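In what comes next, chain A is part of two complexes: it sits with chain B in the first one and with chain C in the second one.
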Partner chain A sequence: MKQIIATVPLFDLGRGAFCDASLFQGIDLDTLRSIEADWTPIFDAAAPENPPEDAHWEWAAKALQALQNPLSYELFGIEADARTQGMMLVVKGGPKCFSRHPEHPRAPLIYVDFLATAPWNRPGLTATPTYKGVGRLLFMTAVSLSIEEEFAGRIGLHSLPGAEAFYRNRLNMTDMGKDDAYQNLRYFELSTTQARQLIAARP
Partner chain B sequence: MKLCVDNDWLRRQIGNDPIADVEAGRVIRRSADVVKAAEAAAQPQAVAVAGAPKREDAPLALLIHMTRRRDRLTIAQFAERIRVSVDEIATIEKDPRYSPRPRTIHNLAEYVKVPAKALLNLLPDAPVVDQSLDEAVYKFAASSDDLSGLSRAERRGLNDFVKFLTAYKGGTEADGK
Partner chain C sequence: MKRTMTLNLTETEMTVLERMCEEKGLSKTALVRQALRLYKSVDERLARGEKVFVESADKAEKTELMVL
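Take a look at the complex of A and B:
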């Protein structure tokens, strides 16, 4: 089930002004349709790949039915202009949800399984991105969930190479180095102290 | 769920953020990628620590079951008492491979009055590296029988196990200890 959590600001780079977007918890068929209709053709045009046999949204929609009311994860999405601007799946339990940070080894945390923005919002894919702020909004949603789950804002994630500077410099996460158990992507953590500082931050 | 920052905070931060890629974790290009991620996340217990032995004796399920019986609580009452969903308590008791959410572990530890770290060692994906814990689990499992109320021996078994967990200082390989 999908439900709106809040109306949040996104920065419209074309207009140079903030606009309203909707932050959702959960997913529905419209979200899957939006990803398949709006995202996939752009990704395929940029770097074609052979989709697996079952990679149709109709299949995905059926499969999703079996995944309602999850205990161990949450899906969040941001919508503006009737399109999905970004999505995030976070995991609340299991082996990835224990801290590797020296501040609190093995303390429970929220692990970001994926954080993805629409292709038109990615400077790596387009010279003129549409919106700025999707990553920040989704990340702060994960921090909020972490607080709600009594994990004090702790977050773990594997950054894709183009995003490392964002997590290191803008969100002040600790870079724990390359993780050879996860395609050599760098693993980042937001510790309890860093979460507190992030929320208290003044630009 | 409520956001921990307000829209003024978000506007200020987003305004100062560079125009940058922000992607993390698995690559999402199509709807099927989202569903596959959700399927994988729905079964965290299937992710094993490489090379580690697995717990087969479901000590956490047993601990919950015995504690419920001691306190004469139904699954629903117990779930309410420790502030987690009924589904999750039922799943823990039914499925020995299910690895509960950290919050559940935290709340359960609070209720049973043992350190949460000790309970982490009872999870199905916790590699067992400490023989004393293994022995305590075995003894606890052997002491239980599914009668309606706790027998004196069962009560003693539960008390001994809780006492052991309270004093337990060992760790798992994942602790790096």
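Take a look at the complex of A and C:
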């Protein structure tokens, strides 16, 4: 099931202006078809020496996982131009949802399991990206969920190497180093203080 | 839609619940919700035949978690 929860602004780089997009909670077959039909061919056409790090993510399997366990998982998506512009799967409870940040060790948090923007929005995959801000909007949705769950905006995630700069520099998360228990990916957290700062700085 | 229930706890259980709520900055509802998610997460792994271990900080000891 999928339901629209907000109308959000996306920056259309071609027109140089904001346009309305729909933020959805949940997922349906249309979204999965959109990802398969619109995203996959671009991933497949990417240079073999530099494939997108998330090209192997299977959103249909993730959707099933979320649908089978609504207690712990939430899926969010952004749509514009009748296409899926980004998707995010978050975890609300379980072993991944304990903070490692020195500001509040073991405090509960929302763990962002997967976050991806459509390939045509990525500067690394296209010379002229379509929309800017999809990743940030999805991330801020996770922050909102964290507040709603009484987690004070706290977020945790493991980043693919290509996204590390985004989380470290654009969202000002704390880089807590490589996690040898999780494919050696770097673990990042948005602390309570950083969440407050990020919300205050929100355009 | 949310549903309401009454939870009967002993004095000790309520003391622990209130202390944890204070430590975590959560309401009793939010804390019970988190406890349920964690319990279900662990229980599902065990039901699939997986093992859940707790490792000591110095990594010298590893204890298998059993859930009743």
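Convention: the second predicted complex is superposed on the first by the 179 of 203 C-alpha atoms of A that agree within 3 Å, B and C clash if a C-alpha of one lies under 4 Å from a C-alpha of the other, contacts with A are read in each partner's own complex, and residues count from 1 in each chain.
Quick note on the criterion: contacts are C-beta pairs under 8 Å (C-beta built on N, C-alpha and C of every residue); 3 or more make two chains touch, one makes a residue touch a chain.
All values reported here derive from a predicted model rather than from experimental measurement.
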Overlay done on chain A, so just call it for chain B and chain C: clash or fit. clash
Taking the superposition as given, does A:Asp30 touch the first partner, chain B, the second, chain C, both, or neither? neither
After lining up the shared chain so the two structures overlap, which partner does A:Phe11 touch, if you call chain B first and chain C second: first, second, both or neither? first
By the touch definition at the top of the document, which applies to A:Gly135: first (chain B), second (chain C), both, or neither? first
In the superposed arrangement, does A:Asp175 touch chain B (first), chain C (second), both or neither? neither
Answer with first, second, both or neither: which of chain B and chain C does A:Ala152 touch in the superposed model? second
Residue contacts with chain A in the superposition, chain B compared against chain C: B
Applying the touch criterion given at the start, work out whether A:Leu71 contacts chain B, chain C, both or neither, answering first, second, both or neither. both
Name the residues of chain A shared by its contacts with chain B and its contacts with chain C. 69, 71-72, 92-95, 97, 106, 108, 149-150
In the complex, chain C touches chain A at residues 24-27, 30, 33-34, 36-38, 40-42, 44
Interface with chain C, chain A side, in the complex: residues 69, 71-72, 92-95, 97, 106-108, 149-150, 152
Could you list, by residue number, the parts of chain A that touch chain B in their complex? 5-11, 13, 18, 23, 25, 27, 31-33, 35-36, 39-40, 43-44, 49, 51-52, 54-57, 59-61, 63-64, 67, 69-73, 75, 87, 89, 91-98, 105-106, 108-109, 112-117, 122-124, 129, 132-137, 139-141, 143-145, 147-151, 153, 157-160, 162-163, 165-167, 170, 199, 201-203
Residue ranges of chain B touching chain A (in the complex, touch as defined): 1-5, 7, 10-35, 37-45, 47, 49, 85, 87-88, 91, 99-106, 117, 120, 125, 174-176
